[in-house]
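Structures follow.
You will see subunit A twice below: alongside subunit B first, and alongside subunit C after that.
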Partner chain A sequence: MPEKLFRHVGKSPTRSEAIEKVSGRANYVFDLEFPGMLYAKVLHSPYAHAEILSVDLSEAKALTGVKAILTGEDLPYLLGLYMLDKGILARGKVRYIGEPVVAVAAIDLRTAEKAISLIKVDYKVLPAVLTIDEALKGEILVHKDINDLEYVKNVFFPQPDSNIASWNKAIKGDIKQGFAEADVIIENELSLPAVAHVPLETHVAIAKADPFTKRVEIWTSSQSPFGVRQMLAKALGISQGDVRVVVPHIGGGFGGKAGIHLEPLVVVLSRAARGKPVKIIATREEEFSQLPSRAAMRGRVKTGVKYDGKITASEITFDWDSGAYADYGVNVGRAAQYSGAGAYEIPNLEINSRTLYTNKVYSTAYRGFGHLETHWVIERQMDLIAQALKMDPYEFRMKNILREGSVTISGEIINQYSGRPDQCLAAVAKEIGWTGYRSKEEREVSFKTGKVRGKGIACLQKAPAMPSNTATSALLQFDADGNVRVMIGAIDMGQGAMTVMEQIAAEVLDMPLEKVRVSSETDTDKNPYDWSTVASKYTFMGGKAVTRGAMDMLSQMKEVASQILRCPVDELTHGQEKIFIRQNPHKAVSYQDIAMGYLYDNGNSIGGPIIGRGVYIAEGLTFLDPDKGQGLPALDWTFGAHGVELEVDVETGEVQILKISSAFDVGKAINPKLCEGQIIGGVLQGLGSAFMEGFKFSAEGRLLNPSFMDYKIPTSQDIPTIVVPILIENPQADGPFGARGVGEHPMISVPSVIANALYDALGINFYELPLSSEKIALAIARSEAEHKEPLSE
Partner chain B sequence: MCENQSQHGPQEHCSTYIDSQQPRVFLSCWVNGEIISAQIDPMITLLNFLRQGLKLLGTKEGCGEGECGACTIIMNGEAVNACLILAVEAQDAEITTVEGLSTGGQLSILQSEFVSQDALQCGFCTPGMLMSARALLDRTLDPTDPEIKEAIAGNLCRCTGYSPIIAAISSTAKKEREERK
Partner chain C sequence: MFSQFKYVKAQTIDEVLTYLGDRDRCVKILAGGTDLMVLMQRNLETPDCLIDIKGIEEMKRLDFVQGVGLFVGASVTVNQVTESKIILEKYQALGQAAKTLASYQLRNRATLVGNVCNASPGADLAGPLLIFEANVHIASLDGRRVLPLAQFFTGPKKTVLAANELVTGISLPDLSSGDQSLYLKQARVKGHDLGIVGVAMRLTLDQKFLVALSAVAPTPIRLLELEEFLNAHPRTPELATKAGEMVQKLIHPISDVRASAEYRLLIAGVLVKRAVTLLTTREAN
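Moving on to the complex of A and B:
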């Protein structure tokens, strides 16, 4: 594609909401108050699995200031994104420690807390399902009624009388044959614990239910206002028009705010409190232990390869310890079905991905869902195979990497517009000066200095996971002075959607950026529909919708200008905020003069307010066939790679990242600075998963680290010395200006690249996350003891 | 949207934490250059007094237990976690919140540098981050990178990866140094 000159696209204007945010004026739901507002608190289950025998509310009800108390028995509603398996409060049974059992709304938080402390619940404790193997055994069922649950058919596959919420399969070629052709077969097991999203603003929601009608209004820190509207309407049996969902700024999401969480609870409390507004703010502890996390996972992988490094077959089983409710978890499992082999061409393959119910806090989408996890398995396995073959892992990857003409595991053919994982890998390898694994001798020499260095590489891919009819829309309107207001349905949680959409609208309309503004609050009563702000899909889909909306404005303006200028539409063009005759540019009419309708000197007027409409619906996607997972699951793949150089202190096991370079084929960076922001931030989140984050549970299933004291996330002291983002631009033919999404991708494969580099440094392979310094120091000590010499293979 | 937001000054009602049945104590302090006098619940935290009482909503809460820095303000020249301090401890104190960083409708250099370096994404950590940075720069206009990292080590940010924040603080120091000359 010839390089076009753009006025706004490819530039990096500052984010449009930045001033609000640095001045402290940006409103979050956490900041909102309404007159007469009540505050809600919930009572949590102390047991992982128990029957609720009785609830005594008498004392709590008698407390002055308590306006509503509800238990699961009052709320015969079932919620779920893909499986209707969750009540608003536990009904009959509790399924994890932390599950809300009773909810109170009171005039202030203290009263609500007091009321909670006065509630008595009798439980009959049941044996719990706390591990993947217990879940698979199926002797105890988390959902006894699994056979009767309503779910999305042909996409998810719950197994009867089991804890398997969904079993998704991919079959390509013939693995028997593939393994028969292999010279070497390598099997490994890798795992990682559940982790938390940790948005700085915890989940918070306010609801106001009109006591005289079915109308409910909700203000929520959510990534999916339209999803909340739809699911809530369905659960309560009211129309979607009865539900208004408003989302102002949100303090981080990362997927954790993509489903429906606290919203239904405040709605029913507000109804019970005769329409008073009710607010609930999750405490940090609740954010960890009540609200959903990223699932733990165990991957078992068996790969057949030729001596020359060509992969012949791969068989992978992913088991997701997904907690008590399906939520997004089943879709995370499904992502492994079409993306679980990484950015490689595998001729013969079988993937089994099982999303399992367990009696732990449930899981949901988390930035790049499923992919950091599956890539932990795949990208480690790539290095482990290279080690077994005594091959350079770079060459080994390059031998198998997806290229034009390759067939993905779901049968999609990679074409010239699909992006180039090989270029990403080459770019990071060059950036870190990759020359292959160090030799044993080199390791031994540096070991004596007390600090050893190692380098690693890893690839990644992700496509947006979405229903095949995912849609979005945009409305663009002129103000009378010729400024443009763009209304979208997406949420800007810091990724910069507003800014990017402003750039795109201003580009298409050829206007100054300052004259285009995207509204920063999304209100389902006013803004046009968007499915959900997830999956790194918005630049692509929203970009298309805004482009179309802006083009719609241009064609409406040309219609009017054609009359004013007495010239056929096809002779007209635009620029400098004017519509003009191509051949005769001084014959022009300004946007401003047409914006609200054109007024002739004699008082006649024509046209009318210009309102552009742009929609986009995912094109050409198919359901995956249920037995083999073949089909077209996603719009676009964004490929990427990381290269890292790190230094390990052999005494303490502490690791310093000297340099991490991350390359992504973004097609076209609409705003390079925002892309780089996603990369720098995402990489550090990935380093959190790599080094420090992970839920720990007691034998009873209690989360042991539900606070920042015990659950550390990276601080300014944990950052890499250098991060080098690399943006590669092989345009996506159908992307807006060629762009693809990149919001989630930077954290994928970060743990893998770290463990790969640790092998290079230490000659030790790690199979479990997180790679804490204690774990590393212990492994070094063990390796020394075993070999009586440091760092042998 | 929030009917109470534009009002200023301590309020009797509309507060989650000011319990009308509690005894009151008298508090007087300086907040963003204005003298404040109020009857307050002796158990209210400074964070809640600022947010609920004074309606200064810029200061955020991310944990309520001193572990995230979202509530950082400057009190008598020190960056402190307002969620850990009782409002009564602020007797006669001089307090600056994010709302006090800019004057006369002009962003301060620090705020402008956060904007131009893209040192924020969701923005929820930003007010606290700015206050930790301000306290550092009030001590020294020549901070080293390790000093900057140390100054914001108690401020969690899940979005930015910190590097743009460090860059913004460092460029602010430079600009403020030049301005002083």
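Moving on to the complex of A and C:
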């Protein structure tokens, strides 16, 4: 369809819930109160690894106002997305500092907190697993029962008697032969620490358990109401119909609210308190130290290349320091299995991705999961190889980048509809005026001024990480006045899903946008099913379901109109909120007249309320071959690239980003303003990972920076001078209007592009995140001391 | 926060002193509360009684008397400091430091005296107050005393204040016009953050340097040795570099979650060098 024919798609209406939010009227779970509501607090483990010998609740129970106290011994339930390895409260053993051990529900927060302070727990401290190497050694096991844990077979591969929650492999071609063909082999190790999601709204949940039936109702700040319903029902042994999950507006998720977190705890507390509603609000400190983070990771990469820059082989090991429970962590490890070599064609490859249990706060999905991390390794390695070959890193990337006909590491053939990473790279290189690395002489001249500038480039790719049968659905209903209400199962946590679905429904129905409304609250009792709002998949999948639902409405209306207009259905068409005869457009009947059933002059009526139904299930995806990781895991690839120019203060190590440009092949931007918003927001979040964010642990495994005092995120003063989003539109043939997802992608490769530019500026390579002013300044000082001249080539 | 406390909004200093003199109670002074509330929220402080001093007229004083100097009462907020014309003109380092302290919202509550009484080694305002040779005005039921700020700090979060004593304000002597000063701070981010190193430096009209650093020792410190060195040497371009090297020998910062000792030393050198350069070139112009 030529662009000019679109009425709403490709336009940028303001987000439909914007006024409600900026005027403070939008309700979040934080705001919700119920009569008789109790407040919960938990007691956290002070040890990284310890046996719980005894718990003395007597004083806490005696406190007036305490309505329920539970320990792990009361709760024989196991939870988990992919591995059932986590209790609602610690049972028998604690596995990280911050793990909830006892929970109290009381008439107010102060009483709950007081009760917590009166609880005495005796622990026997055990040696803890705190590093990747300790985890791999396996002398101490975080989960002694790892051999007996229930898990999703053939997708995840826990190793017996070890700390390896899953070992996912990809093998393509023959790396021995590939390395034998190489002229140069380059090996490097890169790493990055765990980081926090830092949503504006911390985790919060309310539950009300019916004391007379199994029924439970939950209000939660979650990205996955249907996921919570399913996992909770399974854990408690009740039916999914017994569980109602309601999600009003949510204040940010970034993947941290995609699993099941505080919901089971308030459910069991409400049951213990005879059905009184119980609310729990994570404090900011709990958000850091109790609730899951993004895993730390160490990547070891070995690449073989020809002198002409062609990659012949790559061998990569990713080890994920994933904390005490598997949660999404094993799936993060799996993402590396099929996407861990970046947007390049690698003829011979082996990837080993190991998700490891350690005695630290556990990890989960975080915006683009696995990808910022693996691209830190890959996109740095691409520059390091280019340096070794004395080749322009742009040219080197272009020699190996995925193009039509390339085969991905899982065996997928890239075709004309797959998107163009090369165009993204070319666009950002042009935008920042990339002309190759600066020479040693140029660096030395600018070094004397105290401020040096450098440019960098990096590519990226990501496909939704999701089960092969991931599905979504939409229901579209008319009001009597011809307006349309759309119900979806997805959560709008700021990405603009509601607005985009309104645009798509209005486009297909050819209606004014203001007459189409997506309801903002998702209730599993009412809304149609969606797997989970994650993975940058909703514009694609939801867009398809809403398109189909709108088409379903049109075909129902045509059936009715065919009787009214006495005309075969195939002669009918639609437009301007009417169904009409193609040949005689004045012979028409309005949507409004059919919406609830058509009424003839004599009182007869036909039709009935028009309800459109649209579903989408991922098409053609396969399980990956367990030994080699071959198959089709990707619904759609979105490719992208960043280019940056920055300036470094050579004495303090402070960096100012002068310009960052980020291009993504989005297929078709349904709402360009929202796409650009995602790009700007994602880039800034990526700068946090690049420059300042990262958990620091004591020797005992205690998180040393669990608050904003010492866990810094970018402020308005830390942002780049200029951010230039670029939207490239090579349509995805099976995407709605050609669209692909772009929600998570902008964050990926931001740390890589910064480190690449720092090399250009300073001639110094960095291998560990974050790239703090301290790290940069000390590296410059050391380089000066070692070389007695400031900059190496 | 589960402490149950009595809240008193005092009308006079004597009322505050009477409460402070009661040995059976744990009494805390509430001015801005930006440190106290965090501690109470975490149950690290559980006072029986909070005395709010924001209603006392004398505590609101922010006035300058020609030939005498500046008085900043105990309830004067940091934003009032940043907006005071006399401070921005005369006591430049203090005004600059105030603008780097936390965020605008916190500066609306936080007080200058609170920043001093909290006695953080990294207190942004302490360095500037030290180079202006500020005096601390202390009152108790036993009487009043005035103490040089240099004698006020005794360790991290520790001061000479007795349990029954209250700081009513801080005074700074008048300066001759042409007195120049500045405050340089390095933090982890450009936005709202604690300093890794803060350098306050002053060059008086009669060409004397005064230097104080924060976040490099158990308390904010004056660097008398460095001052002597600067005062004893001619204003050559090398002076700044040498001062930067010298400061690194005079201080013994620690490594903590915010920065390593190595980086603190490096930054102290850089900021001292920059401060000397800026003051001497400003002078020359």
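The rule we apply is simple: the second predicted complex is superposed on the first by the 789 of 793 C-alpha atoms of A that agree within 3 Å, B and C clash if a C-alpha of one lies under 4 Å from a C-alpha of the other, contacts with A are read in each partner's own complex, and residues count from 1 in each chain.
One rule holds in what follows: contacts are C-beta pairs under 8 Å (C-beta built on N, C-alpha and C of every residue); 3 or more make two chains touch, one makes a residue touch a chain.
Since this is a predicted model, take the numbers as computed values, not measurements.
**Student:** Once the structures are superposed on A, label A:Ile171 by its partner contacts, choosing first (subunit B), second (subunit C), both or neither.
**Tutor:** A:Ile171: touches no partner chain.
**Student:** Regarding the shared-chain residue A:Leu621, is it in contact with subunit B (first), subunit C (second), both, or neither?
**Tutor:** neither
**Student:** Looking at subunit A, does subunit C or subunit B touch more of its residues?
**Tutor:** Touched residues of subunit A are more numerous for B.
**Student:** Just subunit B (first), just subunit C (second), both, or neither: which does A:Leu63 touch?
**Tutor:** neither
**Student:** Looking at the overlay, does A:Met709 come into contact with subunit B only (first), subunit C only (second), both, or neither?
**Tutor:** both
**Student:** A:Gln717 contacts which: subunit B (first), subunit C (second), both, neither?
**Tutor:** both
**Student:** Look at A:Arg110 in the shared chain and tell me whether it touches subunit B only, subunit C only, both, or neither; answer first, second, both or neither.
**Tutor:** both
**Student:** Once the shared chain is lined up, is A:Leu778 touching subunit B (first), subunit C (second), both, or neither of them?
**Tutor:** Once the two structures are laid over each other on A, A:Leu778 reaches subunit C alone.
**Student:** Looking at A:Met692 after the superposition, I want to know if it touches subunit B, subunit C, both of them or none. Which is it: first, second, both, neither?
**Tutor:** The answer is second: A:Met692 touches subunit C but not subunit B.
**Student:** Using the touch definition from the top, say if A:Gly677 reaches subunit B (first), subunit C (second), both or neither.
**Tutor:** After superposing on A, A:Gly677 lies in contact with subunit B but is clear of subunit C.
**Student:** Report, in rising order, the residues of subunit A that make contact with subunit B in one complex and with subunit C in the other.
**Tutor:** 110, 709, 714-717
**Student:** Spell out the residues on subunit C that touch subunit A in their complex, using ranges where they run on.
**Tutor:** 1-2, 43, 186, 188-194, 196, 257-260, 262-263, 266-267, 270
**Student:** For subunit B, which residues are in contact with subunit A within the complex?
**Tutor:** Against subunit A, subunit B makes touches at 1-5, 14-17, 19, 51, 56-65, 67-68, 70, 97-99, 101-102, 107, 111, 114-116, 118, 120-127, 130, 148-150, 152-166.
**Student:** Applying the document's contact rule, which stretches of subunit A touch subunit B when the two form their complex?
**Tutor:** Per the stated touch rule, the residues are 14-15, 17-28, 30-35, 39, 108-110, 197-202, 219, 246, 248-254, 283-284, 493-496, 673-674, 677, 680-685, 707-709, 713-717, 719, 723.
**Student:** Which of the residues in subunit A end up touching subunit C in this complex?
**Tutor:** Touching subunit C: residues 110, 113-114, 117, 651-652, 654, 691-692, 696, 704-705, 709-710, 712, 714-718, 772-774, 777-778, 781 of subunit A.
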